[in-house]
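The structure that follows is given in the form of structure tokens.
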Amino acid sequence: MIPRYARAPMVAIWEPENRFRIWFEIEAHATDALADLGVVPKEAAAALWKWWATKPAIDVAAIDAIEAVTKHDVIAFLTWVAEQVGDEARFMHQGMTSSDVLDTCLAVQLTQAADMLIADLDTLLETIKRRAYEHKLTPTIGRSHGIHAEPVTFGLKMAQAYAEFARNRERLVAARKDIATCAISGAVGTFANIDPRVEAHVAAKLGLAIEPVSTQVIPRDRHAMFFATLGVIASSIERLATEVRHLQRTEVLEAEEYFSPGQKGSSAMPHKRNPVLTENLTGLARMVRGYALPAMENVALWHERDISHSSVERYIGPDATITLDFALGRLNGVIDKLLVYPERMEKNLNKMGGLVHSQRVLLALTQAGVSREDSYHLVQRNAMKVWESDGQLSLLELLKGDSKVNEALTTAQLEASFDLDYHLKHVDEIFGRVFGA
Amino acid sequence: MIPRYARAPMVAIWEPENRFRIWFEIEAHATDALADLGVVPKEAAAALWKWWATKPAIDVAAIDAIEAVTKHDVIAFLTWVAEQVGDEARFMHQGMTSSDVLDTCLAVQLTQAADMLIADLDTLLETIKRRAYEHKLTPTIGRSHGIHAEPVTFGLKMAQAYAEFARNRERLVAARKDIATCAISGAVGTFANIDPRVEAHVAAKLGLAIEPVSTQVIPRDRHAMFFATLGVIASSIERLATEVRHLQRTEVLEAEEYFSPGQKGSSAMPHKRNPVLTENLTGLARMVRGYALPAMENVALWHERDISHSSVERYIGPDATITLDFALGRLNGVIDKLLVYPERMEKNLNKMGGLVHSQRVLLALTQAGVSREDSYHLVQRNAMKVWESDGQLSLLELLKGDSKVNEALTTAQLEASFDLDYHLKHVDEIFGRVFGA
Amino acid sequence: MIPRYARAPMVAIWEPENRFRIWFEIEAHATDALADLGVVPKEAAAALWKWWATKPAIDVAAIDAIEAVTKHDVIAFLTWVAEQVGDEARFMHQGMTSSDVLDTCLAVQLTQAADMLIADLDTLLETIKRRAYEHKLTPTIGRSHGIHAEPVTFGLKMAQAYAEFARNRERLVAARKDIATCAISGAVGTFANIDPRVEAHVAAKLGLAIEPVSTQVIPRDRHAMFFATLGVIASSIERLATEVRHLQRTEVLEAEEYFSPGQKGSSAMPHKRNPVLTENLTGLARMVRGYALPAMENVALWHERDISHSSVERYIGPDATITLDFALGRLNGVIDKLLVYPERMEKNLNKMGGLVHSQRVLLALTQAGVSREDSYHLVQRNAMKVWESDGQLSLLELLKGDSKVNEALTTAQLEASFDLDYHLKHVDEIFGRVFGA
Amino acid sequence: MIPRYARAPMVAIWEPENRFRIWFEIEAHATDALADLGVVPKEAAAALWKWWATKPAIDVAAIDAIEAVTKHDVIAFLTWVAEQVGDEARFMHQGMTSSDVLDTCLAVQLTQAADMLIADLDTLLETIKRRAYEHKLTPTIGRSHGIHAEPVTFGLKMAQAYAEFARNRERLVAARKDIATCAISGAVGTFANIDPRVEAHVAAKLGLAIEPVSTQVIPRDRHAMFFATLGVIASSIERLATEVRHLQRTEVLEAEEYFSPGQKGSSAMPHKRNPVLTENLTGLARMVRGYALPAMENVALWHERDISHSSVERYIGPDATITLDFALGRLNGVIDKLLVYPERMEKNLNKMGGLVHSQRVLLALTQAGVSREDSYHLVQRNAMKVWESDGQLSLLELLKGDSKVNEALTTAQLEASFDLDYHLKHVDEIFGRVFGA
């Protein structure tokens, strides 16, 4: 976890205090179920919850001190709780293994993280949507291969991003479901020493599904899918960040990351406004993507389980979720405040002297009955002049002055071929597809 | 594509002939829609389908020869079709771009591949289920960290694999949906030169959804998710393959990959039966997993599109699907014919002289009122003797002869602690969770 | 292997014929050594080489047909050779295992591939050097974060690429050394059935080092390092390709991939020259990079060896080397013929009305005794006017007309601050560092 | 950075204090050079070093407080130094850019980290060598595919590991050289505002090479190679860790991670000694390997530089080096104290009733003149009996009792075929290759 790329609420999920709170809830709910089954006294469970109702602080240092002696984290925790609660606490954890607590706790932490990431996506989607409608009809040049192609709108770029992140939201909801399971099944998953109804009870209380078949641990294909999904979302962040970086290039300058008017250092070199936030997002995306592979390597544990996955998860559990949460927040800020320059978009759109409309003229000529070969030749001879003038000449004006062209098309028809509205006539429909009616 | 790791039907999906067939269908359905819209004559579409009804062979060499001249694959194909169909074919492709055809075709190929992989999973699930029920109550030692823990059954191992591959099937169905979209939207996705209803018609005919907003290309987050999902499935293959490799180790030998009785070379060294198929699967899993990352890097195309994703997909489109299809087939064969040795499982289970039951004895002593410390001490002093005898002594016999133990537990109680059924009592319930009632 | 991304000589290394030729040489040299040691008759070795001297064709189909029966590739090969050579051939392979042949053969193939890649790098370095000197003093704007910074030369960009690929050459030479070892050490590497002198002889004849300690196989950390190195080289290819893609953007257009004057399709839309080769290289780099990870996962074979590495190497052995060879060749072609536009570079350099020199003016004012704060204010008030004019106004002209500035700096001093030579004065020294005196 | 997988000295390299110390040295050495060149007063440099000679504490909190205002880390640091040193400090940093300081500092940190890792490798090599000689002739079964093959010694396993880590050391030395460069070249690397001799002076003082051509930043192919090398080393750690995990399996138990006699929890289930350290190392290897890919993606910065690499390096700079340092230390501890059980090795070696010698008998029979087919048949019919007895029968005894075998081989010859020394006769030579004479 890199503090500068971290936000407090997501960090809190991975702090010892939250872990211990979840442990307590697992143990206390399990004790409830054990009491219902008559395995432990009802008073045992009641004592736990009574203490919990006092909203006790979790003394992480005290627990750590016990662990330093016992060399076992769950036992240290249970010992500390027993010190607080008293004698009834000795019925806790009956028939359970540490993994029952640890793996179910990880499931809770990952669902908490997933919920936060889903909320991040919702915020981002709302922001993108607002910017999309704001610039629904702001014309800008569409570029394939970095080269001018045909006109689009800035709103369409945003609509594309919206649709992409809406898909990512759906994927994350599925991935959340994948890791939201509870396993309280004992040393090798056979429930030898604990009734399956305990698992069912705890799962229901924690909002988890039961793990149909576990092997001391919850199977790691679930986690692999979760982290792979975060990797895909990170890749989408990179895409939108890259778009902004491109738009902010000195020669393009159709949009810029926000800077406050008084921002120091930018005045003597007013052009030197660097897209540092989106460059940063590009790097963060590389990290989150990279975490998908160790998560996949974690799947093939030996037999009923080994512990090789654990160290990996100590890294990527916090790192992937904290980084992605930060990145989604940063991306939201970038899009929210993005400075958009429609005039520059228009200027760039016209930069090539109207060459971006050459395809449309070609079509008009063909539709007017000129053969494909002749149409091509007519457009070509004028287009080349525009190109050689570096956009100083206008294709429309040259075509107007070409008698062969005039034989086929009227001035009005020619001008219609240079009409931006031709390209924008389906923007409404696309917006309807993306944002609903 | 490595021929020895490839099966013909999956390979066929990626062969030029299949690609050209899909291209034709896209173009012909589009022509239908254009005819309905009055853009092209109805006869144009009819002519295409009439020719198609003759079940014409696709002359790949002829198309390649044309491409060698035109330097453009789609134009070459259209030219060849026009040669076959005649003059009406000139209305094909009106207002479309190559990417409309190429990206929609890739969507069709990937859905075909996904369907084949889903069928592979179904076959594998059926096989695993059969072996699971066959060995539902075949006891075997559960191992955590490679060390004997407590008893499970071989059927439970299979049930775990079943549940894992059932999850993978669900993930693949979702991933298939993700890549099953059709885009016919023109040079930058604005439908400037083609009516969106053409896209809708072609999508419906091909069983695809429409791409809500495209940018000449279908967005690559869809493909990234698809290949990441294949990577997760491959990791599950590695897990089950690793299980078999472990079980076949000389010292374990609880199961073996099938070998025919007359298989050459195995007789002079009859122990030298190597788990080469599952070792091979382990390697194949590494490859499929590795393809997820370039797929994720493909997401951040520049602006409306660049072509950097294309070369990556020429590799991983075929390689990931063909390899995974082969691996699923091979894994199915391995599980189907796996030689399972219950006697050896029993022998290994008893290898430690009953030490695997020590936890259970400890619990019995505690439940009989012995303090936790004393119980531990009683079990320990006998367990250490068994351990030092390398499993020659029996823990049960030693406990029977320990007077302190006898004070707390009867012989019957002691024997009950060594009862395998104690561990298997919930197998039915777990099977019910996994396979349904 | 994707035919369109493959060149024949590299492909030939991975074809069965080359493999069989290497196998023969290993076997024949080993037989020589065995004959010298008196293990087999001298005539046996002589017979092999006598036949080899006839430059026999390798009948791959015949060998495959034998393998279809024997189910063993090396035995099939030996059988076929025996059919050609006659009875003396039975002494071949004495005391050897298949892995001795297979792993040593892979070492030979990888060194052949490495040599070809080193030659590719040499060609590329020569090309880059030529272009570097050609444009040693062609001024162009240096960009950090995609934003104009200070002037550099196009030659410096090339010099940077040269230094990077020279480092890659050195790395590849080291990686080649890493995989150039010979192991002929028997079933578990103990030389139980074969004298270590056989290994030494074969190694010397094949130009390999002996593997100090093998375990039937050559350890896979060597191969991991080799493929990781290819991944780094691929990343450098991506860097240079990305530079070209940026330079070719419509708004920048300082360089372009070569197109022949008559190249079809480019005339009606003369601006639509897409950097498809460098986009393609970007994708190829993703693939080669991706192969590094399965190569690293191959290292941890079980005990003395398992065969999980083999399938991975069947993919990445050919795929990584063939793709990288193709990519280096393509990149060489791109740089060799790159269309460089110095006029456009100059135009872009001046695009911001001289703002790129503002730092230099600031320094001049400070050196003339103006306080840092005042200097900043003086530059700022003129710079902002230029910025707001979108580069229509000239910073130099505005400064000349600013009386406060005139008090501190003469016109000559001001003009000196806008002198490009100031930035280029160390180009010679940098070239000396990179290319030598 | 995960505290439990971190050692203090490596962590210290990445702490702010170390960074600021390096910054100071870079700045002060640069001021020296600038003074020698007459650009700044000699007193300026002297004042800096005079203050430094007082061994001042670095007040990280104070610097952070300044950065909170200036929003610029290097300026904050310079301001704080100036507060300490006084007026002469204003000559620091003349003509330099932040990247000059930051990138050169990273080079120093990475060389410090590399030196620590090289020392780790030296320690590990010494440990492995000691264990290798200790068990140079301790026989154990060699296993291919997890199946018994032929005898080796435990010392040979160690020798293999030694050779592998010796190669890794050599690779790391090369990787260290790759990242040990100094760049003080200004905003785009042209030395426009600073003399190259400053760079040369600082480089020499810091023990770095000069960066021949930089572009504000040191090129990232250097760092990619460095982190890729760490990934290969991690993979070797995984290999040796996996070997230990296999040897500790209950059924194999030829070696165990050290446990202290009184270690709690191991007595009631004395067999339950889990190889948790080597499992942990397996997971750590996955992490370090995974960092290679974002490092490679960092290479293709845009034009003269963007800042996308920076966030990646904030993660992987510390995480990869700290994790690898910890893992090497842990592996050294595991090997140092590894409990090796020669008796169990012998027992396992004999487990198959001597079948591992069947190849050797086959050879003896052939050398005695029996045809290959007959030899095979003779061995086979006895081997199968042994196999079917599950190792209870002895191949040697059966062969002794087979009259057909007796016709060809004397008892002494038969016994010689079962002689372990046959397999160990070249151990000396292999040790000589690995460890030197």
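A few comments on the model shown:
In order of appearance the chains are A, B, C and D, and numbering begins at 1 in each one.
Quick note on the criterion: a residue touches a chain if its C-beta (ideal position, glycine included) is under 8 Å from a C-beta of that chain, and two chains touch if they have at least 3 such contacts.
Nothing here was measured: the structure is a model prediction, and the numbers come from that model.
Although chain A and chain D carry the same sequence, what matters here is overlap: shared residue numbers make up over half of all numbers found at their interface.
One copy, chain C, sits rotated relative to the other, chain D; on C-alpha atoms the angle is 180 degrees to the nearest 5.
Centre-to-centre spacing of chain C and chain D amounts to 25 Å, using the average Cα coordinate of each chain. Between the Cα centres of chain B and chain C there is a gap of 34 Å.
The mean-CA centres of chain A and chain C are about 34 angstrom from one another, to the nearest whole unit. Among the residues of chain A, those touching two or more other chains are numbered 143-146, 149, 245-246, 274, 276, 279, 282, 289, 293, 297, 302, 306-307, 359. Those residues of chain D whose C-beta lies close enough to touch chain B in the complex are 141, 143-149, 245-246, 248-252, 267-276, 279, 293, 297, 348, 351-352, 355-356, 358-359, 362, 376, 379-380, 383-384, 386-387.
Within the complex formed with chain D, the residues of chain A that make contact are 2, 4-5, 70-72, 245, 264, 274, 276, 279-280, 282-284, 286-287, 289-291, 293-294, 297-298, 302, 306-312, 314-316, 319. On the side of chain B, the complex with chain A involves touching residues 142-146, 149-152, 156, 159-160, 163-164, 167-168, 171, 174, 178, 186-193, 196, 210, 212-216, 219, 221-222, 224-225, 228-229, 231-232, 234-236, 238-239, 241-243, 246, 282, 285, 289, 292-293, 296-297, 299-307, 359-360, 363, 422-427, 429-430, 433-434.
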